[in-house]
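There are structures below to look over.
The following pair of complexes shares a single chain, chain A, combined with chain B in the former and chain C in the latter.
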Partner chain A sequence: MIRAFWSGMRIHWIMFSRNPFDLSGVLLWPILYASIAYYLLDAKNDPELLLSASLGAAVMLMWSLVVIGSAGALEQQRWLGTLELLVAAPVPFATVIAPISVASGAVGAYALLATLVWGTLLFDVPLAIEQPLAFAVAVPACVLAIGMLGLVMAATFVLYRAAFSLGIAMQYPVWIATGLLVPLSVLPDFIGPVSWFLAPSWGFRAIQESALGLTPWPDIGMCLVLSAAYFAIGSLCLRWFVQVARARATLKLT
Partner chain B sequence: MAPAIEIENLVRTYRSRKGLIRRRTTTVEALKGISLAVEPGELFGLLGPNGAGKTTTIKILTTLLLPTSGSARVLGFDPATQPGEIRQRIGHVFGGDRGLYDRLSALDNLRYFADLYRVPVREKRRRIGELLELVKLDGRERERVETYSRGMRQRLHIARGLLHEPEILFLDEPTIGLDPVGARELRETIGRLREGGTTVLLTTHYMYEADELCQRIAVIANGLIVAEGTPADLKSRVSDRTVIEIETFGVDDERVDRLRALPGVASVATESRDQALVLHVQSPTGTDLVPQLLRELDGTMLGKVVSREPTLEDAYVELVREA
Partner chain C sequence: MNWLRVFFVGGLTSYRALFNWISPWVFVPHMVGYPVFEILFFAYLGRFAEVQSDEFFLIGNAFMGIAVTGFFGMSAAIAGERRSQTLLTLLASPANRLALFLGRALPSILTGVLVAALAFTICALVLDVSFTGTELRGLVIAALASSFACSAFGLCIGSLALRGRNVTLFADMVAGSMLLLSGANVPLERLPGWIQALSEVLPLTHGIEAGRRLADGAELGDVSGLLAAEVGIGVGYFVLGLALLRFFEYQGRRMATLEAF
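Our next item is the complex of A and B:
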């Protein structure tokens, strides 16, 4: 299973690296998101707020890459006619799909760093990481947690043929509900508890608190707990949805 | 010895819904209760026209579809409830261009599927090397699949399906769309599998392919099995007949119907060949129908007129027509 997982990540990265459209997006989006962080909050005079805004924008980008990357990859599998072959493989289907989400999350980790670097180069965002060790742990923990949330989403993409459109639509609710786009304090109260169940909230806080020298470890722990929970939920959903797809004959695009 | 594949009264219905407000449900019965058995080591052919139910049967057996009713056993396991037991023991190859990662090399494709099929790390390299040699892709394995011809892709599909040394290989129209040379090479590869003792279930609508490769054949039409036996058995169904082939240009359906109604004519099948419509007229051996047929076709431009022995294709056309 571990071999199938690594092999899946490798294949996803190779496919991704050979798609000029995806590659150009990953190069351009960090600049775009760094600009959003700078202009949206207009925080030129508050270095700490500016860094937080940049980190928030970077995590937004990471989520987008995971959800769009997973949805796009699954839709591509349908078009290539490989989805049926993956379902028919003897390894558990979750170990075939999870690498796609985690590999997309790893691309998101690069995008996170690129967003911060562009913010520093273009807008003088202070790139001072107070706790480098915690930051080095927080980023992969965030990647894992967001990747596993992507796995839960991917389960629905197996069932529905319009995976890519669904993936795009799923970006915004999570941006809002996790407080990445606007602070949770300006949103209705019920959004707060919703954000507790979403990995980007904890991932963002883990990265932010390690950068600002606060207490990131509980947030990192929550990322790991949520990752395990997402994997369990995602695996169950995948098993169920594959069974539904076998009954409805929706694995093929034709 | 227990059959490698056993199917009993298998039924599969597809339902599709249309319309947003007034939802209309359409139901199509793809399989209407088929039964068959394939022995271990046998190369069994499932023949039938498009939409007959061949692919549906294979998808149920390869665990990709659930049957609506009836039962199936693959190596003693139920594909509906024991998919995990079956998947490691079978390989399946679908015809056509799809089913491969185009931007990856053949080697990367095979490595990935070897990991998905739990081929031990120590054996992986040897097995991939052997298979590349078997399908004659050795030396081209590092090239991207998108640069491959259709025949090369199809051979790569076969290699992928054989990575984990399956006990049964399902081949769903593997030569579809291949040029004659590519198709012949693929048939040679399938022939070698049969010699190696692999059980193969092959679907095709090319009669010469089934005749050349299969030990037994089942003809499926409209979701039902209409005949089963060796190619010789099926041919013998029309062995008491003679086939007259008439190349015609511009003949209409009404005139073909008139030919069908002639005394002594058992059946008339039509085949488009370039601009000509070739009529295959079957009649009992010993009856000379040519003068009568030519009289009926008077005024129609005709090409060659040939009388010949019936082939498996004639038997197949007759079976499908009767269904």
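Our next item is the complex of A and C:
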């Protein structure tokens, strides 16, 4: 299982990083959202706010890559006729799908780098990471947690042929509910508790607090706890939904 | 009259093929949920930044919803034929190209306009923004002008699908850039001079500005210049799009790239 996971990670990372045109999108989107935030906030006297906006925009793209990347990858398997073969493989299906989600999130590291460089060059956002060690741990923890949340979403993508459309629709609700660019204090009260169950909230806080020199380790811990919970839930859902898809004979439909 | 038959029958068949297979569980979140949450996201970002009112973001992003379908309609129509390996067969036919592809794009564009109107209504209720009947009529006129301009711009993007393999991603990036460049989410005076200059020749900018002024109680005559500019830009892109459609079909045949996917 471990070998299947790492091989899958490596292959999908290479696939996602191969096309320069696709990568240009990875770089453009977070820069775009960060720029909108910079111009709206106009917070030249509050560099921490601008740094948080950069990090928030990068985590936004990580989620988009996971949810759209995994949906797109599954849809691609349908079109290529290989989804049935993957389901029939002796390794658990979650071991095949999880690397797709995690590799998609890992490509988001480009986005993180791009927004930080963009913010520094054009908007004088300070590129000072106060706790480099915690930051180096927080980024992969965030990628893992968001990737595992993507695994839960991927379970539904197995069920529906139009998975890609569903993936696109899941971007904004999660961006709002996790307070990545808009603080939760501005949002209706009921969204606060919802954010506790969503990995991007904790991943963003872990990265933000390590960059600003606060207390990132509890957030990193929450990322790991949520990753384990998502993996358990995602595996169960995948098993169930694959059964349903097989019973309905819809795995081959494009 | 054959081009009319191609336009309507081809468009209707393509439209049914596009939506028949989508489950309501996917269709509703994708078509309605996406623009609703986009409007809310930027409205809350505006509240946080204490820049402009909810109405500013509501109008800007509802117009963005219309623009996106205009940008994607044509490119998705051509990219869909490429993906299902029918583009070559289609281009071998003597049918009028504009009727062929516009027939496929127009129903999607109209659906987009309706969805944007629905999202606008839902978000107006959520954000507690209200308009008078006269203001709404003005908004509809501005939205129609923007829809035309964006669809004409989409014709230019769509023509690239005859040459490139992944034009949908390009259309996505262009649509994303419009979030910033058109003034939908950032007041234009806050942007650098070169972006303001660029936004002058892009579709949507003048339409959004006209819509906002009409929603603030301006008369139609007060914004006639903005509306004329929006329609004029649309006409310019429409002519350019027709020329590009012809050029890229010729290029695609010459370089044997029509089947590449």
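Quick note on the criterion: the second predicted complex is superposed on the first by the 242 of 254 C-alpha atoms of A that agree within 3 Å, B and C clash if a C-alpha of one lies under 4 Å from a C-alpha of the other, contacts with A are read in each partner's own complex, and residues count from 1 in each chain.
Following the convention adopted for this analysis, contacts are C-beta pairs under 8 Å (C-beta built on N, C-alpha and C of every residue); 3 or more make two chains touch, one makes a residue touch a chain.
These figures come from a predicted structure and were not determined experimentally.
Asker: Between chain B (first) and chain C (second), which does A:7 come into contact with in this model arrangement: first, second, both, or neither?
Answerer: In the superposition, A:7 contacts chain B only.
Asker: I'd like to know which partner A:87 touches here: chain B for first, chain C for second, both or neither.
Answerer: In the superposed model, A:87 contacts chain B only, not chain C.
Asker: Classify the contacts of A:40 with the two partner chains as first (chain B alone), second (chain C alone), both, or neither.
Answerer: Once the two structures are laid over each other on A, A:40 reaches chain C alone.
Asker: Regarding the shared-chain residue A:96, is it in contact with chain B (first), chain C (second), both, or neither?
Answerer: In the superposition, A:96 contacts chain B only.
Asker: Pick one for A:15: touches chain B only (first), chain C only (second), both, or neither.
Answerer: Only chain B is touched by A:15; chain C is not.
Asker: Check the residue A:249 against both partner chains and state whether it touches chain B (first), chain C (second), both, or neither.
Answerer: First partner only, chain B.
Asker: Just to be sure I follow: which residues of chain A are touched by chain B in one complex and then by chain C in the other one?
Answerer: 19
Asker: For chain C, which residues are in contact with chain A within the complex?
Answerer: Interface residues on the chain C side: 21-23, 25-27, 29-30, 33-34, 37-38, 40-41, 44-49, 51, 166, 169-170, 172-173, 176-177, 179-180, 185-186, 190-191.
Asker: Taking the touch rule as given, give the residues of chain A at its contact with chain B in the complex, in rising order.
Answerer: Going by the criterion above, the answer is residues 3-4, 7-8, 10-11, 14-15, 18-19, 79-82, 84-91, 96, 243, 246-247, 249, 251.
Asker: For the complex, give me every residue of chain A touching chain C.
Answerer: Residues 19, 21-22, 24-25, 28-29, 32, 35-37, 39-42, 160-163, 165-166, 168-173, 175-176, 181-183, 186-187.
Asker: Under the definition above, what is the set of chain B residues touching chain A in their complex?
Answerer: 14, 59, 62-66, 84, 87-88, 92, 94, 96, 98-104, 108, 111-113, 115-118, 121, 160
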